[in-house]
Amino acid sequence: MLREINGRALADVMAPPDPKNPKEPPKVLVKAGEQLPGFGMLRDDGSTACGNWIYSGVWSQAGNNSARRDTSDPSGLGVYQNWGFAWPANRRILYNRAAATPDGKPWDPKRRQIAWNGTAWAGSDVPDINPALGPDTGAGPFIMTPEGTARLFAVGLMAEGPLPEHYEPFETPVSANLMNTNPKAVSNPAARVYKGDMEQFGTSKEFPYAATTYRLTEHFHYWTKNSKINAVTQPSQFVEIGEELAKEKGLKNGDTVKVKSNRGEIKATVVVTKRIKGLDCNGKKVHTVGIPIHWGFIGVANTGHLSNTLTPFVGDANSQTPEFKAFLVNIEKA
Amino acid sequence: MKTSNELQRYDDNTRMNHWAIALLFFAAGLSGLAFFHPSLFFLSSLFGGGTWSRILHPYLGVLMFLCFLGMYVRLWRENVINQQDKAWMAKAGEMFKGNKAGMPPVGKYNAGQKVVFWLMTGSLLVLLLTGILFWHAWFPDFPIWARRIGVLLHAFSAVVLVLTVIVHVYAAIWVKGTTRAMTRGTVSPGWAKMNHPLWYEEMTRK
Amino acid sequence: MTMQSSLDVIARSATTTPSPSVRQGVEVAKLIDESKCIGCKACQVACSQWNELSDDIGTNVGVYDNPSDLTDKSWTLMRFTEVEDAAKGTMEWLIRKDGCMHCADPGCLKACPSPGAIVQYSNGIVDFKQENCIGCGNCVTGCPFDIPRISKKDNKAYKCTLCSDRVSVGLEPACVKTCPTGAIVFGKKEDMVSYGNKRAGELKERGFQNAGLYNPAGVGGTHVMYVLKHADTPEKYAGLPNDPSISPLVSLWKGTLKPLAVFAMIGAVVGGFFHYMKVGPVEEKEDEKESA
């Protein structure tokens, strides 16, 4: 399988025409049927086949490079170039042009990784830069940024940032963002929220308790509710609340409760625990309702409600990760 | 068949009741004794094995208790202990050695019989109540501390009952003419005069 | 660890005569380090899988313990207890793997009335032989830890076997093999005792001054032991008894009074026989009979 993933030439792979000798017949770089030496040989015209470009080179014509066990380390830097294969291209250290000064000389002559030898970058590792791009071009080692240098934070690729900010979840039990007095910055102003979803947010007046969803050791997501042996160890849907909230609501272990958000309601058994305590948020006592997710309307485990009946439809401004772990609910005996 | 001068001591129903109790005593007793001590476990073969003995024993016991209830209702009034019984008990040792001469006159039941009656009543009651504590087929599990007391009292009462029955059966054999009271229902006037003179007078006065 | 043959049985229920004693066995033990247990229940699953048990799916009664109690088909169970110390401001979630302790002086064996239904091997394992079990439940009454469970389906008693089948061929019990944190270990009892004491010492260094090894002498020591962070108060761990022993009521019930009572009952019959022979029956005198 590794051989296939490496890739091979389906037809002769030709070098591009030599600008100095345009009339000369193009050179054959890789013969048809041969393993490709690296991702540089991959073509978009159907003459090559490859399972994953980053693994191209793992199994060349020489054989299975990932099985190499050469412990030699001529540079003394622990590079071990010929031990196995590092993707991509057997490059052991990324951005290794940074081992040399802007002039192309090693920063530390005693620790020589790659350096400019006058015509190319070379050394104890595969250069992580076009080998011909000399120091005179000013090309920086951080080849994935346009400026060639490292960045402390991403610019131009984020919806908001670059520095981390605290924002309250869209359904927050408190009324203000303690870290930001701007009233527009209670929740993330750069999050994408559809109008209908915005209208479905609840307030702490109707839904005073902070809710969060989580997983249990006995189940894996939604599939182990179909496994009897898992179901025996954790058979029923339950929610967890602290002792103070239980006392307030007249709930005790084993009662059936209704948990409601502005989007829907679920029924579950309640587990009263010392592990959840009311939190003092700037003078306001906020209780948490813990909602494990693993149940659904089918399964060998006792059927239950989908916890996503309650969760809000909003995601992180940058990654769209849904805000399923911070929203508001109310709870009462069923 | 009753001869002209024979006295009726027990009617038909009382006799049937008594023998039902006796048979059930053997059944419940032997099945219970199988669990009493390993040396007696072989008795479980009589009932089809250990598991069958365990299943049947409580039913036999409850049935015996119900039958005894019938007997109790019939006989308890005549078994109330009085002052004369205390005098009889004091002299009982002599009688046992074979000298019946000095015994005070007794009615239908002497003190010994009355003690047997009340010991049976008491031990059967304890057996029933403690047995319920660990009859899994019909009752939920009682707390373990209660079961520990229960099994101990159950075994103890069983021994009391067995010893009482041994005394009861032996007495019937020892005093000739007694068994006929329960097998035929009648006793001879001589037997009555000798062993229960006050009852004899009661019966012949009519 | 040798094959479990009849030569290895050193004690047998309802048996008044000695069991085989010529073979010298090596005692084994399972050590459960409560401080390393994460309550993942892999041991519950491994036990069910190895023994091919499929318990019923119950319901949540409001606790993390599932099933909520040991059953005929769940021979081990994680029991969760939340303990708060208001003075110290601490909250601990104590998790204990419950199951048969395999006592050196087993209460179940003492209480069982059926010969051979419960046996004890020379390696310390106490095993139920269901073919001899009559389903009376005495074992539950006799056990100081409330472990055996009678099946409603077949009326036989069941409990952890310490994987006697695996141990007899030199394998560790299924729960030991599965435990992802290495909280359950298995080996020679003396090794487990010294390892357990060493672990208790390490816990003491980390601030658990009352850490210790739970190997109760009241039942002669057990072949399932715990390393507990709070060995001074084992009852914190879902009621693990502090200094357990076979209840004196059970000892009385099954002690010497029993054979004495048998002797007394037989004695009463024999005594009656000899009384009759000596004293003779009470009968009406010949002349009195005639005149009546």
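Which chain is which? They are A, B and C, in the order written, and residues in each are numbered from 1.
In the analysis below, a contact is a pair of C-beta atoms (placed from the backbone, for glycine too) under 8 Å apart; a residue touches a chain by one contact, two chains touch by 3 or more.
The shown structure was predicted, so the numbers you read here are calculated from the model rather than taken from an experiment.
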(request) Could you work out which chain's C-alpha centre is the most distant one from the centre of subunit C? (result) A
(request) Would you identify the chain whose C-alpha centroid lies closest to the centroid of all protein C-alpha atoms displayed? (result) C
(request) Return the distance between the CA-based centres of subunit A and subunit C, expressed in whole Å. (result) 51
(request) Report, in whole Å, the distance between the mean C-alpha point of subunit B and the mean C-alpha point of subunit C. (result) 39
(message) With centres defined as the mean C-alpha position, give me the subunit A-subunit B separation in Å.
(response) 85
(message) Per the contact definition, I'd like the list of subunit C residues that touch subunit A in the complex.
(response) 38-41, 44-45, 48-49, 54-64, 66-67, 74, 82, 84, 91, 93
(request) Using the touch definition up top, name the residues of subunit A that touch subunit C in the complex. (result) 217-218, 228-238, 252-255, 269-275, 300-302
(request) Under the touch definition given earlier, write down the residues of subunit C that touch subunit B in their complex. (result) 14-16, 113-115, 132, 134-138, 140-141, 146, 150, 155, 247, 249-250, 252-253, 258-259, 261-262, 264-265, 268-269, 272, 275-276, 279-284, 288-289, 292
(request) Within their complex, state which residues of subunit B touch subunit C. (result) 5, 34-41, 44, 49-51, 53-54, 96-98, 100, 134, 136, 141, 144, 147-149, 151-152, 155, 159, 162-163, 166-167, 170, 173-177, 188-191, 193-195
